[in-house]
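Each of the two complexes below includes subunit A, the first together with subunit B, the second together with subunit C.
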Partner chain A sequence: MTVLILTCEQDVTADMVVAQLHKRGVPLVRFDPGDLPGEGALSAEYVRGEFRGYLSMGGRVVSMDGLRSVWVRRPSEPAAHAPEPSAWLSAESGQALYGMLECTQVPWMNDPSAAAKARLKPWQLRLAHQSGFPVPATVITTYPRVARQFADQYRHVVVKVVSGKPPSEPPMALPTTLVPPDADFSDVAAAPTLLQRYIAKTADIRLTSVGNESFAARKVAEPGQVDGRYGDTGHTWRPVDVPGRVARAVAQYRKFSGLAYGAFDFAEDSEGTWWFLECNQGGQFGFVELETEQPIADAVAAWLSAPGE
Partner chain B sequence: MTVLILTCEQDVTADMVVAQLHKRGVPLVRFDPGDLPGEGALSAEYVRGEFRGYLSMGGRVVSMDGLRSVWVRRPSEPAAHAPEPSAWLSAESGQALYGMLECTQVPWMNDPSAAAKARLKPWQLRLAHQSGFPVPATVITTYPRVARQFADQYRHVVVKVVSGKPPSEPPMALPTTLVPPDADFSDVAAAPTLLQRYIAKTADIRLTSVGNESFAARKVAEPGQVDGRYGDTGHTWRPVDVPGRVARAVAQYRKFSGLAYGAFDFAEDSEGTWWFLECNQGGQFGFVELETEQPIADAVAAWLSAPGE
Partner chain C sequence: MKPFAWNYARPAELAPVIDQYAYDSTLQLNVLPDGRPAIMDRVLLAAVGTTTSTAGSATHFDD
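Up next, the complex of A and B:
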């Protein structure tokens, strides 16, 4: 039984998991949807109630009934590398590939339906509340008046992107930013705006959830630092124990969301409380493993080898 | 409690349902995501474990905890009508709107996760088999050799689009077409191709499934006619009874797919068998109702008024 890894060619995080699967002697096929059609090929037959399907990549063939699990890491857009790429060819190729994979009963990390829902940040906040995480007060609005009232009420608030996908042409990062006291909120009417109470944090926490396992890491924050993802403070990620309350909330979140994998970001305040900021269902873990030596890639490999066990 | 209808301005099918909801005295708000932000506005607050959200459109406000049901008819792309539309603004607006709606426990016609999966045609074929429909032998492949073998084996085969979304610039329809006996299959390597055994049909069948109710209509086919969606044969849609076997299969399909609404297309052969061709989770019903006088809009209004009853 074979593990299918959907990812692009340059993916160091996938390389780490591939190495662990090799160690475990588990067969795998690495397939980039961008190479379909081309180096990648597929066939699905529906005849007299039977379904037979297979994928091939560079001569390696994997049958749909020989699949153990599917890991969606960082796949390219289907048909992205075709000689004449088009939106239409991507749609046809994506339908064929993901439609065929959905015909199996194979476990996914993460299931596409669960992943799509988990990407909705407003829904994440609700689910985080319901799972038992402390969540900073948040508003998402197109009303300048509502934004102004929220900022007045909480005094220190940050503004964040809602969708988490900043425009890429030209490439541009939109870090979470403190809202100045004299901010003009009239532009809120032009785009939904997410404001959140600012947590004065002592550390950033990254918790990587893999099946039943959790790996938490902590990085000390400089006083006044807002977005830990940008800028080098000289501090490094260190392993940290997961408080019982957080562990229970992670278990709830996993259950409600149906995610096999999630990368949680928290802000730790001066009282040691971990405030939920977001859960990225496709978040990186390579940088954490390199600094903390936590065996995350091995945990992913273990789950893919024996999903659900 | 209010019904929320997500659709564009020009939508006669929605108008038919709106008229029925008015008759029933059920409050509704019609909201086009393309008008957000602008004429449409929203706000969602997450404070101390509570979630409060509301939408407004042309002065009409609907609270998230006052929602009875959501009907996704034919919504525009979020922010499509903004003064400066962009992919980024659409992503932000879509996240805010659909993320906020997912925070409610309200029943959808159709639930977005179920709808996304139901659009995958390869998965439809599998599910149709499993639900008990007869399905014509089908292959989806990028292998010219496999396509040729399939055509040789079944002799009369048709070629169809996989994703059902033909390119729109320039606007272009891709009807299902008979494959000529001397076809050259080498282009199959350039795009996943769907071939299906041709059913010599006596009639087209459209079955509209609304909650527990089914409305079937039949239109006589001209001998040799392949795609009933194009061209005028002079025949009209007439109501037809649903055979017991088909009714049971529809119920199974509904259960497995989680769809509250589906438009099934069948080809009826000379023995009276209804062959499953596809189930469109967002398919039109206005044209069927106009010709058959079947009360489909009223059934949709009834479901939206009392979902799940």
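Up next, the complex of A and C:
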């Protein structure tokens, strides 16, 4: 039985899991949807109630009834590498590929419908609250007046993007940023804007959830640092124990969301409380494993090898 | 009028050009010029930042 990994060639984080699967002797096929059609090929038949499907890449062929699990990592847009790419070709290729894979009963990390829902930050915040995490007060609004009132009420607020996706034209980075007290909120009318109460953090926490396992790491924050992804502080990630309350909330979140994998970000305050910031259903883990030596790739490989056990 | 969040944007960093390793379709992972898997060189991976939480930002929003 074969593990199918949907990701691009440049994804060295996937390499970490591929190496673990090799160690375990588990067959795998690494397939980039961007190579379909072309180097990647598929065929699916729906005849007299029967379904048969095949996928091939680089000389390897995998039958749909020979699949063990599917890992969605960093796949390119379907048909992205075609000689004449187009939105139409991407749509056709995506329908054929993901539709065929959905016909199987194998477990996904993560199931596409669960992943799509988990990307919705407003839904994340609600689910996090219901799961038992402390969540900083947040508003998402297109009303400048509401934004102003929120900022007045909480005094120190940050602005962050709702989708997490940076603008591409022109390419920009949008780190989470502290809003100055004299900010003019009239531009809030131009796009839904997410404001959140600023948590004066002592550390960033990254908790990687793989199946039933959790790997938490902590990195000391500089005073006043807002977005831990930007700016090198000289501190490194260190393993940290997961408080019982957080562990229970993670289990609830996992149950309600249907996610097999999730990378949780928290801000730890001076009292040691872990404030939920977000859960990235496809979040990176290589940087944590490199610094902490926590066996996250091995846990992913173990789940893909024996999903659900 | 531009989106409020754009007032706090900064120029995107260019993705590093990575030529220290290349994909090997037989092994199904990236390898160094000497044939070893790229993941064996932890210093290199940390330096090129390909596994970090901002690595996917240009093309993916789940970091």
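Throughout what follows, the second predicted complex is superposed on the first by the 307 of 309 C-alpha atoms of A that agree within 3 Å, B and C clash if a C-alpha of one lies under 4 Å from a C-alpha of the other, contacts with A are read in each partner's own complex, and residues count from 1 in each chain.
Going forward, contacts are C-beta pairs under 8 Å (C-beta built on N, C-alpha and C of every residue); 3 or more make two chains touch, one makes a residue touch a chain.
These figures come from a predicted structure and were not determined experimentally.
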Superposition on subunit A - do subunit B and subunit C clash or fit: fit
Subunit B versus subunit C as contact partner of A:185, first or second or both or neither: second
Partner chain in contact with A:2 - subunit B first, subunit C second, else both or neither: neither
First (subunit B), second (subunit C), both or neither touched by A:15: second
Touching partner for A:294 - first (subunit B), second (subunit C), both, neither: neither
Three-chain overlay, vertex subunit A: subunit B-subunit C angle, C-alpha, nearest 10 degrees: 120
Touching partner for A:177 - first (subunit B), second (subunit C), both, neither: second
Partner chain in contact with A:122 - subunit B first, subunit C second, else both or neither: first
Partner chain(s) touched by A:163 [first = subunit B, second = subunit C, both, neither]: both
Partner chain in contact with A:36 - subunit B first, subunit C second, else both or neither: first
Superposed arrangement (fit on chain A Cα atoms) - minimum subunit B/subunit C Cα distance in Å: 8
Subunit B and subunit C contact sites that coincide on subunit A, given as residue numbers: 119, 161, 163, 165-167, 189-191, 194
Subunit A residues within the subunit C interface of the complex: 9-10, 12-16, 18-19, 22, 28-30, 58, 74, 119, 147, 159-161, 163-167, 171-175, 177, 179, 183, 185-191, 193-194, 206, 229-230, 263, 280-287, 289-290
Subunit B residues touching subunit A - in the complex, by the definition given at the top: 36-37, 41-49, 51, 79, 82-83, 86-89, 91-100, 102-103, 112-113, 116-117, 119-126, 129, 135, 137-143, 146, 150, 161-163, 165-167, 189-192, 194
Residues of subunit C touching subunit A in the complex: 1-13, 18, 21, 23, 25-30, 37-39, 42, 45-46, 50-63
